[in-house]
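One chain, subunit A, appears in both complexes that follow, with subunit B as partner in the first and subunit C in the second.
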Partner chain A sequence: MKKVLAFGILVALLMLGCVSEESKEGAMEQIKIYGSGASFPAPQIENWISEFSKVNKNVVVEYASKGSGAGINDFKSKLVHFACTDPPAKKSEWEEFEKLGKPLQFPFIVGAVVVVYNLPVEGLKLDGETIAKIFMGDIEFWDDERIKALNPNANLPHEKIIVIHRSDSSGTTEVFTTYLSLVSEEFKKRVGAGKLVDWPVDKLGRGFGGKGNEGVSAMLKQTQNSIAYVELAYALHENFKMVSIKNAEGNFVKANSETISSAISASSAYVPDPTEGYKEDPKLFLNAKGKNSYPIVSFSHVLLWQSYPEKEAKAIKSFWKWVLTEGQKKIIDGYAPIPKEVAELGLKAVESIRGE
Partner chain B sequence: MLRELKNKVFILYLIISAFLVLFPLLHILFSVFANGIPVLLKFGMEFLTETLPAPNKPGGGIFPAIYGTFVMVFLASLIGIPLAVLAGIFVAEYPNNALSKATRSLLLIMMEFPTILVGLFVMAIIVLPLGSFSALAGAIALSIVMLPYVATYTEQAMRSVPQQYKEGAYALGLRKVRVVFSITLKIAKKGVVTGLLIGMAKVSGETAPLIFTAGNAWRSTGGALEPAGAVPLWIYYLVQQPYANYHELAWGAAFVLMVFFLAIFLPIRLSMVRS
Partner chain C sequence: MDKFKIFLLPVVGLVFGIIILMLIVFSLNSIPIFQREGIAIYTTNIWKAGEVPEEEFYGILAAIYGTLYTSTIAILISLPISVGLAVFISDLLPKKLREFFIIPTDIMAGLPTILYGIWGIFVLAPSLSGMMKFLYDNFSFIPFFSYYNPTGFSYLSAGILLAIMVTPFATSLIREAYMAIPSIYREAVYSLGLTRYEATKVLLSYIKPAILAGTLLAFGRAVGETVAVSLVIGNAFNIHSSLFAPGYTISSLIANQFGNAFIYEFMPSALFSAGLALFLIGLVVNVSGLLVLKRWGYA
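After this line comes the complex of A and B, so read on.
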């Protein structure tokens, strides 16, 4: 019995040893790159990794989605090769990176936050001001004059509006509240923008929080007469009814890859040099000009170092170069590719990565 | 008459409470089986041998997670069990020593300790200095979680050995070391092994200690010093994604985890009932 056990342990240890030996020997052929961070682009990144590994068998990319904040921390501790973050890194974070090396940051994908509702009414139209009023609780019923004015033909019920929002700290909330603060002075004063805000509608008993896009989606499905905001990918997947939002030029638009691309077509002017990523102001991409522009869009960013050990540098460059070129043609539902000029900024940054 | 009625009402109350306690457990078992088995049938053997697919693409599997769980539970046992068994023996053999009293209450506290903090602790002392998430760091976190269970079971098994056996051994002139390891531990073997298996079953289902330590591996398997996946970690990440095939993978993984857990747990329970 004892001998069998001891033998078993020995064999298992040898096997583990072999695996790590193998990967050392195989390092010439197979290199592993690790990334972590934002959960918002994770499905797209998984998709890219699958596609990339088909053409590039000797690089394995692993991405752990655990939130933008956690990604920045991992990057700072050099536990990962790259990190993804939805809001661009802050100045204070950037200064900490600079103590450890030369950081790079550039956008690699665009997404949208959409307003969704559970009501037997098709094609609801709202403007920013009205959305802000609904999410502050000022508008109590679906057949309120202010909603009726925007939807003269809709058969709106006399039911109380139930507002569902995120209960956890989230980049989605930050983008959404930044937009509302931009279009409504009152929202800016009473609520403000942030990852986690105090929703006044909660105090009226008509506002509820759900954890993650998943939680909000589940609550919206179960609650009649409710309204919520989620990332586009979730709204598409759950087949939610989306609100057409009035953009800066007065047109009502729904989020799709076309309207998102239109919103960011002129954005390259606002994207700073990748070596000064913290200078980016996400406000500039919201409520963008253009007839067909969807107003609530946001970039997701990647953080990289300018130098890595030789082999890793090569693998990282090949992956991110692929993402910014071939990868931009392989975008899944709910996201949109970045404009060419922005991709070129990123490519230049990737080219500047050196191996040591 | 009234007395009988009271009796019946009370028994009914007991039955209902027992059912209410059992209901969630039965519901979990049922939903994991009902949702997990179809996934396994649909994916076939690939489910156990393939790696993560892209969103909404068919096929794929959870091999890196199964591999990672086995590696980490194995390493955790290798690190944790010797320590835990020795601690258990010490506490059982010197029950009145101040150190052993402290150890005993410490073990009880450790059992209730939030496992996410264990993960943070190991991240600070292993992950950051090594500069990488790794299976080893995950295993160390798991071994800390496992330790109090194994130690407490060992202690109780050692204490349940009748004093006469030990006295007999001493009377034959054996030294303490021989008495402890060749007599008491041998008689207590069943209890100790139960503790080991319960510890292993427990940590194979742990998520929190791995979040900050193991990192993640969806597509690769590696050695002890490289990031590793784990079945519960995968379930945790996969259900947060909006894609149907990821949810399917999560149900399948839950089923695999449940089978693994029951395969360790049921034999223990049955053998306990028998003895």
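After this line comes the complex of A and C, so read on.
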């Protein structure tokens, strides 16, 4: 019996040796790049990663979607090679990065935040002012005069509006609240813009917080008469009813690739040099002009360092170069490619990355 | 004997050291928020994060309130159930069947809490929302029911979920104590000619300390439960007397906010002070438990 056991152990050890040797050989060729951050572009990044792995088998990219704030944190502690954030990094954050190295930031995709609702009414129309009032809790019932005025033909129920928002700190919240602060003076004063804001509607008892996009969408699905905001790709995936929002020229538009592109081409896409990314205006595409422009559109940005260890630098360059060229042709539903000038700016930045 | 004492000393030191070290860490990290806001961190209901530190202000009163409220609901529901179950298993069940009842409750005690949370968000909350609507429509003059909440995410859902989670713990503690009552006492009680109900009452009063211990353990677990609660409580900074209102608990607040807290200047410190509040709640609950035992003459 003992002999058999000893033989078994020996065989197992031999096999182990073979396996570890094999994986060692694999690791020699493959380089792993880690990224984390915004959940906003996560579906698109996942798609790029799988496409990229088809053409470039030596580089493995992994992305953890855990929110812009967490991504910036990971980037600061150098846990990841790159981080994605929806709103551009703030000046204070940028100064902290500069203590650790030379940071780069450039936009790589355009997305939209949509207002979604759970109500047996199709094609709800709202303007920014009214949305702000709903999310502040000023409008209590769905059949309020101010909503009725925008939807004269809809059969709105006399039910209380349940407002669902993110309970964690999120870039989606920042984009949404920046827009609401832009269109409503009152919202700017009472709530303001940020990744995490104190929703006045919570204190009225009609506000609920869900953790992450998943939490918000689970609550929305189960709660009649509710309203929430999520990122477009998510709303499409979950098949939520979306509000048509009144844009700067007075037209009601739904978010889709076309209306997003229209918002981009209507604004002058001024993007600062990637080495001073914090100078970017977060209101860039919000409430853009143009007949067909969707009003809540925003860039998602990537943060990179200017220098990495030799091998990693090569891999990072190859991935982001691919994203800014080939990747821009493989955009999934719910996003739009960045304008050409902006892509070129990003490419220049990627080229400037050096290996040590 | 002395050598044995010395041998055990490091173990005791380790446990006490860890507790004291934790207290120190939590206290030290809470200092910035106390210096900035004073006691207002515990007495106001505001959660204002800001990229500019001057704009930040945190007050966790709603979370403290929610923690006590939901845990109390959980205890009120789970205590009668656990005592009843314990008596049923040890007195009324044939010996051979006992294991069939003990094993499932033990498994329930060990299940990962996220399972309860998912069940809570998809089954419990929606099914409670119907009942809540009925009670609100018909009995909203009673303060407990005076809240319109069609989502089902509320103190009540969290309390019921917690009750389900802590019942197995309390049950097994009470059951073990109840079964350990010397048979002389049982025989004595029955020889007096008491009915089964009367006899059970007498026997239960004999194990009062165990019931109290079970309650404290259950309360402690209910206070500290994180993931499951944050899925069903609604995560709203809200203070309301109604069972149907959404709220926050300290643990769910920490779970929700900690991942991103370090972007902000004072939020980590605010969360540490919330942890400190949990410590204090635990301390108060346990000390008052000891005092009750003393009054009963057990300690």
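Going forward, the second predicted complex is superposed on the first by the 324 of 356 C-alpha atoms of A that agree within 3 Å, B and C clash if a C-alpha of one lies under 4 Å from a C-alpha of the other, contacts with A are read in each partner's own complex, and residues count from 1 in each chain.
The working rule: contacts are C-beta pairs under 8 Å (C-beta built on N, C-alpha and C of every residue); 3 or more make two chains touch, one makes a residue touch a chain.
Everything quoted here is computed from the prediction, not taken from an experiment.
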| item | value |
| --- | --- |
| Touched partner set for A:F141, first subunit B, second subunit C, both or neither | neither |
| Partner chain in contact with A:Y278 - subunit B first, subunit C second, else both or neither | neither |
| Partner chain(s) touched by A:G194 [first = subunit B, second = subunit C, both, neither] | second |
| Partner chain(s) touched by A:S53 [first = subunit B, second = subunit C, both, neither] | first |
| Which of subunit B and subunit C A:M219 touches, first, second, both or neither | second |
| Partner chain(s) touched by A:W94 [first = subunit B, second = subunit C, both, neither] | neither |
| Subunit B versus subunit C as contact partner of A:Y270, first or second or both or neither | neither |
| Common ground on subunit A, meaning residues reached by subunit C in one complex and by subunit B in the other | 66 |
| Residue numbers on subunit A that touch subunit B, as the complex places them | 9, 12, 16-17, 19-21, 23, 32, 34, 36, 39, 42-43, 46-47, 49-51, 53, 60-66, 77-79, 212-214, 217, 233-234, 237-238, 332 |
| Complex contacts: residues of subunit C adjacent to subunit A | 45-51, 55, 121-122, 125-126, 147-153, 230-231, 234-238, 240, 245-246, 256-257, 259-260, 262-263 |
| Subunit B - residues contacting subunit A, complex | 52-57, 71, 74-75, 78, 127-128, 131-133, 211, 215-227, 237, 239-244 |
| Touching residues (chain side subunit A, partner subunit C) in the complex | 66-67, 69-70, 72-73, 90, 92-93, 160, 162, 167-169, 192, 194-198, 202-203, 205, 207-211, 215, 218-219, 222-226 |
